[in-house]
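Here subunit A shows up in two complexes: once beside subunit B, once beside subunit C.
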Partner chain A sequence: MATHEEISASLQSFYEGYQKNNKLKLMNRDWNRIIIIRASDIDSQHTLTLQNGELSVTRGAPDQNADLVVTSDSETLADLFYGDITPTEPYMNGTLVIQGSENDILRLDFISLMIWGE
Partner chain B sequence: MKRVVSVSLGSSKRDHQVQVELLGEQFEISRLGVDGDFERAIAKLHQLDGQVDAIGLGGIDVYVYAGNKRYAFNDGLKLMEAVKTTPVVDGSGLKNTLERDAVKYLMQNTDVVKNGTRVLMVSAVDRFGMAEAFAAAQCDVTYGDLIFAAGIPYPIKTLQELEEIAAKLLPEMTRLPFLMLYPTGQKQESRDEDKAEKFAQYYHDAEVIAGDFHFIKRYIPDKLDGQTIITNTTTASDVEFLRQSGAGRLVTTTPVFEGRSFGTNVIEGVLVTLLGKPCDNITPEDYLDIIKKLDFKPRIFELDN
Partner chain C sequence: MNLKLKKVLTMRTIVATSAGLTLSSSTFVAAVQVAGFLAGDAAWLAILTGGLLCTTAALCFGELNGMTPSAAGIRLYFSRAYNDRISLIVSMLYMVVVMGVIGAESYVLARVLNEVWPSVPALVWILAMFSIVTVLNVLGIKIAGGFQNVLTYGLVLSMLAFAFIALAKVNFQLTSPFASGGSIGLVNAVALGVFLFVGFEWVTPLAEEVTHHRMVSKGMLLAIGILSVTYALFTIAMTATTPRETLAGSPIPHLIFARSILSDAGVTWMVAITLAASITTFNAGLISVSRFVYSSAREHVLPPLLSKISMRFFTPWTAILAIFLIGLAISITVLITHQYLVMVNIAAAMESIIYALAGLAVIRLRGKMPEADRPFRIPGGYIIPGICTLVFTGLALAVFASFPIVLLYIALGLLICTWYVNVVVPELKRRYQIQKAAAKPPRRLMAQKKSKSD
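Moving on to the complex of A and B:
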């Protein structure tokens, strides 16, 4: 089990990976989304906000409705955002649940692979 | 009579059967759509295995390519592995030979493809032979893989960048259900209105739109202005649809039988039958030799608007 602090640190790592990738920012300039990252086994919520290609990470739930809600156990979330695992396997076996439109889910998958892919 | 059957994840509305003679051999070629039902496709493959001369897998890619790397879709492999006896192909052998040569032919014999022609490939990793041939012909190519498969408005402009992005994405994306990435079943009957509107400019900016027909059709904007479409798997009603959509010309890379150009998978099934060799032993040169004997060339249809 990971802690809330570990999930925060993993999201910071994800944020730094995103910040270094100018191509990814360009790719996402049209994709303004609010994404909740929620642990299923501990009290932990974070919000990823994408606005005009810029990403921000905040602790807690957003003020407005989210477009995507990503839920998994704390360990999987930390592994995922540190890039130790890809989202495909936990998504396919149901450990990682993403609520949102199919297009948005696919796009979130693309972002994580563009940051952490081979 | 040789029998070649294409089992397609696509719509059953496109089912078709023809009889043709090729190099003195009679063929019955048919296409069976399962409307996106994966389990029905598996059952149909089990039923046909050992009963026909070759099976093509349609509406799905097993293998896609970027540079010298090959990636296999899990779903495609599952279908392929359902067939134990009969030769089974997905069309990628012909995409690497027939379609590559089709672009060369158009460059050498027509004004459809020339240096600087603006080409939109709606998806390139599933037609890498064609993608490389357009680049070799010094066309101004936009590879639309991210745009149309993922909805990301990022035109890939070089093969090198396509390979780099593919290396990051495809090892994982090929593990996802194929239907998340490609229109299957009912989705083949409808247009993705959001993407068609959002990405219309890429179609309008192109002189040639090339690639998978279902991709082209799913994202086609309201009105084209005389563009050339290079594709296959078109029926007579598809030709009419393209005419109504404002396309100026249709080039099919596979031969037309009874008004219809079959998919590369089924034509590859025919060639495998004619070659009479195990699929693993067939080389690109084998395909090119038999394509030459069959005198397969791209067919060009002017679409009067």
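Moving on to the complex of A and C:
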């Protein structure tokens, strides 16, 4: 079981990967979304906010409704945002549950692919 | 805790999507085949029975979908209920069959358009349709919920209007509603009648876009109810007003029927209906298969080339292009061989197998995961999933008995998929692991080590 701190660190790693990729920022400039990341086995919640191509990570829930809600166990979330596993495998075996529109889910997968590669 | 989503789908859109994905041009052909198995006016009996049986499958999908609301659909349900290998084999075979349905669909639509504009060859229509849908997919343009509502409800109303106009025109009296002409004919008619509802469960990926998972289950049941009544009336109207032998020998029975009822105006109206019916099925089929191909490539069960994304449109363009080429090849094969009915029968058998497996999956998961959260649980214990499993197994066997070639094709497809999953997939995964190990050490582990040393 990963800790809340580990998930925060993995999201920080994800954030840094995103910041290094200017092309990704440009591609997401019109994709403004609020994404909740929550662990199912520990009390841990984070919010990813994409606004005009800029990404920010905050602890806790947002003060408005989200576009996507990503739920999984803490281990999977930490591995996922460090890029050690692809989202597809836990998604296909049901460990990772995402609520939101199919296009948004696909976009999130694309972002992960562009940051971490295959 | 704030877990509300900004955008959620309404029940109206869920019903429209479920029914819209089911309504296709090939269903008109299948409806005539259903009537062909029966004497008298008993087609309605087979269609309503098919619809009723499909509700058992819809209930099973409702329970499975509630447990695991995911766009991965049967790939996930079967993986949990059986194992990953079986799930992959069945999902792959099913996707190939969906491509076959698209082949039959494009053939019927091309024949309809060719009938109206004979100077343009059917192949040109097929190429044009595939190209348009492929470009739309690459651009990431989806049919919006509101447009889907208009298309589906417009289609249903048009079919009902056609049926009532036709029945009024001949002053129709139901003289022999139960004269099926024998139980074998009725079983075959019901088996083929299931094809009329193929695709109602494709709405389950929308489970991620609703807040109450029961909505998807209710939506599927409502869609089946609406379709059952619409198909039954439309089929009775077709066979009551147009000679059966004329309809049965044609890939465009609905156009012949429309011409006999409303002359040229009827043809124009029916062409519009056919186009609308095909667009939704065609588009949804290509989206489903291309997303499956993309996610399979990301999962390393298909070559990594198929997971390439368009940097401009955020769409899996290599997967879409691959589906374009395969779909085109299937459509051209159907166009040359005229074997569209074989595709319809393969789809009916495959769909029956999927529904039987879904029923069995509910039973197995209740045993394997009794404590799992089930927002929707089928009432009556194992009765409905049991009926679903037994009946759809029987219907698949009935199709095989009537059309042995269908059994041959499905067995061949199963063998190829099994070989692929047992031989090629492990090799693809092995290569990925080697590549991954060489390319990057686990970042989390590195971070933990760094943190300790600091």
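Just so we're on the same page, the second predicted complex is superposed on the first by the 117 of 118 C-alpha atoms of A that agree within 3 Å, B and C clash if a C-alpha of one lies under 4 Å from a C-alpha of the other, contacts with A are read in each partner's own complex, and residues count from 1 in each chain.
Here, contacts are C-beta pairs under 8 Å (C-beta built on N, C-alpha and C of every residue); 3 or more make two chains touch, one makes a residue touch a chain.
Predicted model, so just to flag it, every value in this text is computed and none were measured.
J.: After the superposition on A, what does A:G94 contact: first (subunit B), second (subunit C), both or neither?
T.: So A:G94 only meets subunit C here.
J.: Would you check which partner chain A:R107 touches, where first means subunit B only, second means subunit C only, and both and neither mean what they say?
T.: both
J.: Who does A:G83 touch here: subunit B (first), subunit C (second), both, or neither?
T.: second
J.: Classify the contacts of A:N22 with the two partner chains as first (subunit B alone), second (subunit C alone), both, or neither.
T.: neither
J.: Which of the two partners, first being subunit B and second being subunit C, lies in contact with A:D30: first, second, both, or neither?
T.: Only subunit B; A:D30 stays clear of subunit C.
J.: Have a look and say if subunit B or subunit C is in touch with more residues of subunit A.
T.: C
J.: Under the contact definition given at the top, report the residues of subunit A touching subunit B in one complex and subunit C in the other.
T.: The answer is residues 23, 27, 86, 88-89, 92, 102-103, 106-107, 109-110, 113, 117-118 of subunit A.
J.: For subunit A, which residues are in contact with subunit B within the complex?
T.: Answer in residue numbers: 23, 26-31, 86-89, 92, 102-103, 106-107, 109-110, 113-114, 117-118.
J.: With touch defined as at the start, can you tell me which subunit A residues reach subunit C in the complex?
T.: 6, 9-10, 13, 23, 27, 34, 36, 45, 61-69, 78-79, 82-84, 86, 88-89, 91-94, 97-103, 105-107, 109-110, 113, 117-118
J.: Help me check something: in the complex, which residues belonging to subunit C touch subunit A?
T.: Contact set of subunit C toward subunit A: 1-7, 68-72, 75-76, 79-80, 84, 140, 142, 205-206, 208-209, 291, 295, 298-299, 304, 307, 309, 311-312, 314-316, 432, 435-436, 439-440, 442-445, 447, 451.
J.: Which subunit B residues qualify as touching subunit A in the complex?
T.: Counting only subunit B, the residues touching subunit A are 146, 150-154, 165, 167-169, 171-173, 175-176, 180-181.
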